[in-house]
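All remarks here apply to the structure that follows.
To keep things simple, chains are lettered A, B, C and D as they appear, and every chain counts its residues starting from 1.
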Amino acid sequence: MRIGYYPGCSLLGSSREFDESTRAVLKALDVELVEVADWNCCGASSAHILNHELSIALPARILALAEQAGLTEILAPCAACSNRLLSAQQELEKHPEMLAGIEKAIEMPYKGTVKIVNILEVLDRLKDLIAAKTVEPFAKKVASYYGCLLVRPPRVVNFDRPEDPQSMDRMLRAVGATPVEWPFKTECCGAAFSVTRTDIVAKLSGKLVQDAVKRGADAIVVACPMCHSNLDLRRAEINEYLQQEYAIPAMFITQVVGLALGLDPKALGLHRHMVPVEFAETAGVQS
Amino acid sequence: MDEKFEPKITAFVCNWCTYAGADLTGTSRIKYQSNVRVLRVPCTGRIDYMMVLKALHKGADGVIVSGCHPNDCHYTSGNYHARRRWMVFKKMMEVMGVDMRRITFSWVSAAEGARWAQLVNEVTDQVRALGPYAEFRQIIGAGIE
Amino acid sequence: MSRIGVFTCHCGENIGATVDCVKVAEMCKDIPGVVHSVEYKYMCSDPGQRQMQEAIKEHQLDGVVVAACSPRMHEPTFRRAAGDAGINPYMCEMANLREHCSWVHEKGDATTQKAADLIRVLVEKVKHNEPLHPIKVPVTRTAMVIGGGVGGIQVALDIANGGHKVVLVEKSPSIGGHMSQLSETFPTLDCSQCILTPRMVEAAQHPNITLMTYSEVEKVDGFIGNFKVTVRKKARKLDEKLCTGCGLCIQKCPNKKISDEFNEGLGTRTAIYVPFPQAVPNKPVIDLQNCTYYKTGKCKVCEKMCPTNAIRFDQEDELVTLDIGAIVLATGFKLMKTDAFPEYGYGKHKDIIDGMQFERLASASGPTSGVMKRPSDGKEPETVVFIACSGSRDRAKGVPYCSKICCMYTAKHAMLYKHKVHSGKAYVFYMDIRAAGKDYDEFVRRAIEEDEVKYIRGRVSKIYEEDGKLIVMGADTLMGGEPVVIKADMVVLATAVQSNDRSEELAQTLHVSYDSYGFFAEAHPKLRPVETNTAGIFLAGACQAPRDIPETVAQASGAAAKVVGLFSNDELTREPIVAVVNRQAAPVYSTCVGCFLCQGACPYQAIEQEEIKARSGEVIMTLARINPGLCQGCGTCVATCRTKAIDLQGFSNEQIYAELMTL
Amino acid sequence: MSSGSHHDHHEDTLAWRVQQATGVKLAHCYQCGKCAAGCPVADQMDMPPCQVFRMLQYGLPQYDKRVLGCEGIWLCLACETCSTRCPQEVEIPKIMDFIRGEALRLNLAHPRSKDILAFHRAFLDSIEYTGRLYEVGLVADYKVRSRHFLKDVMLAPKMYIKGKLGLLPHLIKNRRGMKHLFKQTIGKG
């Protein structure tokens, strides 16, 4: 399998391990990633706050570049990026009158033919292969955390069900983990305020961490770099807010799958986490 | 325009709403111009638009088609069919070059006596201003015998 | 050649003051075909009518035009008079000189000219009139009621007490419908079973009522007064005549863990069962999906136990065809299920229940004998949250309409709960309180003021489970949208009322209209609320729209009155203003080309397909045929037909074009 | 009629501009409060989303002003929880986006929006000059703009050790193109 790849900014910086683990896992599964050449930032949560056209032009440039490279499908592992790309694509479909202005801004033709997929969709296609290649089942209890952007708004992303989604749970089960039943799979972690309102992040993400532990999870599994930053980078603020030392690691789904496939933890970037990926012996081990 | 020109107006009206509405205009003694001649049909759904053309051909200078308001049709959906056919008819007439100011499609309910008088007056004035519809009788007349 | 008489009326001064009637009568003499033209002061008076009748005889008239007031006023009068004078009543037409001329125009030549023109139009019409004869259809004086809820039972009893036969068809094993499941009923809080059961028994024992339970309508042919209805009697797998209802079979059936529909899944039943103890008829049925014998070929315990040898494993469904004069639809509603709500956990929390489940929990005959116990662990709930408008008024994921009954039953539920658990807390999340019936708002106020139910104005965004409690995340819009979180032990969703399963299918079988939500459509929302637009088919209860019991019963009695009214005739007489498809000699047969565009246009499903067969039996062509019993004479089909194969009697193409030619 | 209304006369109220720009009809909101009930930050907002819409529905200048000047609109995370659950399909975050823009345009934005704005401006600057997000640059720039110099200082070295903070920006090749893109969009206003 060969698929276009748009890593997005976080995967070069604060969430390098997501990029590393995605590449490692897909390589192990014989998927060739073709990175979109000279890609730019999608504008994340900032562009649409300040300017609507900008928030469409930035993703449109990425999609147009992919078209030029002859790609029909691109994987955007970051949930925020894939959400922005999908939004822009749909906005242009709904408002063809905007197209001329956007093409002028990006100095390229835009056709809107590229299909955008997230990491869970790609893994789901490979689930039989993953199950077959699993050598070290990840026999832990996990809280699968989808966050906002993978499933919302449903009319844009049209992926899984908007409340209590199941796709990540299915993948986790396939690699031997036991997802816990918890109600906060899609509650907001405070993503957009990671830098500016850490107090809000501490509160919202704190609720997630606290509940995941309460429901017996050994790890929180995520598929979005923003969620990961808030649950990992911001753990100190969370713990301070909750007045508790929560040590439950937050892991990317690709890292979990990578471990199950027997890949080197270092290749998966596990050493880059602020909260060490360690499990107490007593933690609910079962398969 | 000829000051003395008095247009002929033919009105196709349904029995249940507009005919009754026109009756109410009478019982309320509301006056209107006398150019109109009313043809009663059970429902606007009954009106085959060839009849409208025939009326213009036979000397009418203007035509009114009026029935129940949408959703009020005595026969539940007859006027809906009439409206659908009207859209097709209108297209056809436009293509043929018929002046659509000559044909008025309207709704008058059994309670709208004043509305009927107003409709007739408006149409009469408009058609009077347009003058006799002689072109129609020349161009198309022969074709629809 | 026509011999037409014209009778111009002065209507006292009403016409005479503005129209020169004498001149009009003179002018009319010149119209070709008019052999007699007179004017008179009051045509509708006895002497006026007599004058017309004498003229008909004296001048051997074959058609008359009375130029007077609106035909909507006196057409029947003059037609009757003309008929009495020996000509066909439909050879009489009226020109409307009063409402359409004298009253609305000023005195003058133009007005008099218009009067003469109006008469000319109708003279041309009469020349092309055909004698018509009222259509007579016989009436079978047996009604069929489909659906045996409180609505259907009421219809059946009212018709039966009016002296006519009724067949009551119910798809489930017992009549009673939703009302038999209710605990107590608003606004009086009387026990539902206590008021319903006697009526169920009365229906079963009434000499004029035939119950067909566990049966469904398969096919309906014919038209008003003359339907032929085919009913499938599903096999109960026992001989109802032999079964005494002793219940031994039920006691001994080993298959006891089947989820019980009557108790909304909160209890269990056996494979051979009666839905509830007061069921009518009190005869069991075997549930084929769950019976061990039908699954494995072994068991037959019930057969062994039965003292009267009533069990019949080889019994098959039976098709019965009945002659029916009128049909009443009373098939009721269903409730949206709790799994339709993503944000409330897609139905996975056991203690989030719907209104009907609450009724069963509160019912003395229910699975908990009326003791408040929540489904998950049987504990008494200390805090209960009720959520109104669950799925109703929700255009995004539910239905946009208001379900009408839930405001009231939610108040009732909260009240019943408080009566059973005095220390308990009851919260109701609502958007509006719709309590517009007699004693209804007083009832809601009582819940709030006396039973201290807390009403919170806002919708609930999410419910999740934590430490054995249900966390209800709501907001209070009367406090500016302040989030309100309540930890509840049980949540009751007042889920939307929806049209019953397969109601569209049933509507199509009966050729009645239905709305986009599957509720059957009334002929007119205000003036014909119990009729459908198919003559002879009526509606009662929640199959038309969400309804409570008082409204259902009122409408049921209304429908019954319509049926009894219909049955008071030996024959139905109908105006002969109906459409006909022309028929010609072979090999043309008709100008109808069988496109059936007319069929789609007819609002009354009056157009059928008729096969023309050769002597060999081979079908030569399929033509349209109009059923005069169903046709209401709107003429839509006539205008639709491209080959002019259809015409409308009384308003034929010939007549209308003749009228146009006079302009 | 597509707008669902037969009134075509409109005053230039904020509600009217919202409708024109976003296509969302404010009259659809029937004040059920479900948006506020599920909003993760409603309890911190001076004006929860449903109240924002209530005020807009009036079309009166005094309420428009209060909406434009409130803090709540700056706290919206665009998490789409509300719009996903709104029974009337009101696209709430889209409206929030637009109102924030109006608040800035009319110079009415709440004082506490400054930090948030500073961040987004810094973010976009980073993209404008490098094509991608340059995190070190972003944080530095944000601190200068917001004057929160000390915040997060402790975090930076740790991230560096973990290999997560590149000290040099990732530059895309076509930086001229990026500048052009910005000029053609946000630069126009």
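Everything below uses one rule, namely that a contact is a pair of C-beta atoms (placed from the backbone, for glycine too) under 8 Å apart; a residue touches a chain by one contact, two chains touch by 3 or more.
Note that the structure is predicted; figures quoted are calculated from it, not measured.
More C-beta contacts across A-C or across B-C?
Looking at A-C and B-C side by side, B-C shows more C-beta contacts.
Measuring centre to centre with CA averages, how many angstrom lie between subunit A and subunit C?
Whole-Å distance between the two chain centres: 54.
Averaging only over C-alpha atoms, locate the centres of subunit B and subunit C and give their separation in whole Å.
36
Counting only Cα atoms for the centres, state how far subunit A is from subunit B in Å.
That pair's centroid distance is 66 Å.
Centroid of subunit C to centroid of subunit D, CA atoms only: how many Å?
That gives a centre separation of 52 Å.
Could you say which residues in subunit C touch two or more other chains, in rising order?
Expected reply: 343, 462.
Give me the residues of subunit A that touch two or more other chains.
Expected reply: 162.
Can you list the subunit D residues in contact with two or more other chains?
81
Judged by the touch rule stated earlier, which pairs of chains are there in contact?
In this structure, the chains touch in these pairs: A-C, A-D, B-C, C-D.
Within the complex, which stretch of subunit C touches subunit B?
Against subunit B, subunit C makes touches at 70-72, 96, 98-101, 103-106, 110-111, 114, 117-118, 121, 513, 523, 533, 577, 601, 603-604, 632-636, 638-640, 648, 651, 653, 656-657, 659-661, 663.
Where on subunit D does subunit C make contact in their complex?
For this pair, the touching residues of subunit D are 30-39, 42-43, 47-51, 81-82, 85-89.
Touching subunit C in the complex: which residues of subunit A?
Interface residues on the subunit A side: 161-164, 183-184, 211.
Flag every residue of subunit C that touches subunit A in the complex, lowest number first.
Interface residues on subunit C, with respect to subunit A: 342-343, 345-346, 348, 462, 464-466, 471.
So in the complex, the part of subunit D that touches subunit A is made up of which residues?
Within the complex, subunit D touches subunit A at residues 40-41, 44, 75, 77-81, 83-84, 91, 97, 100-101, 115-116, 118-121, 123-124, 126-127, 131-133, 135, 138-139, 142, 146, 151-152, 155, 158-159, 162-166, 170, 172-174, 177-178, 180-182, 184-186, 188-189.
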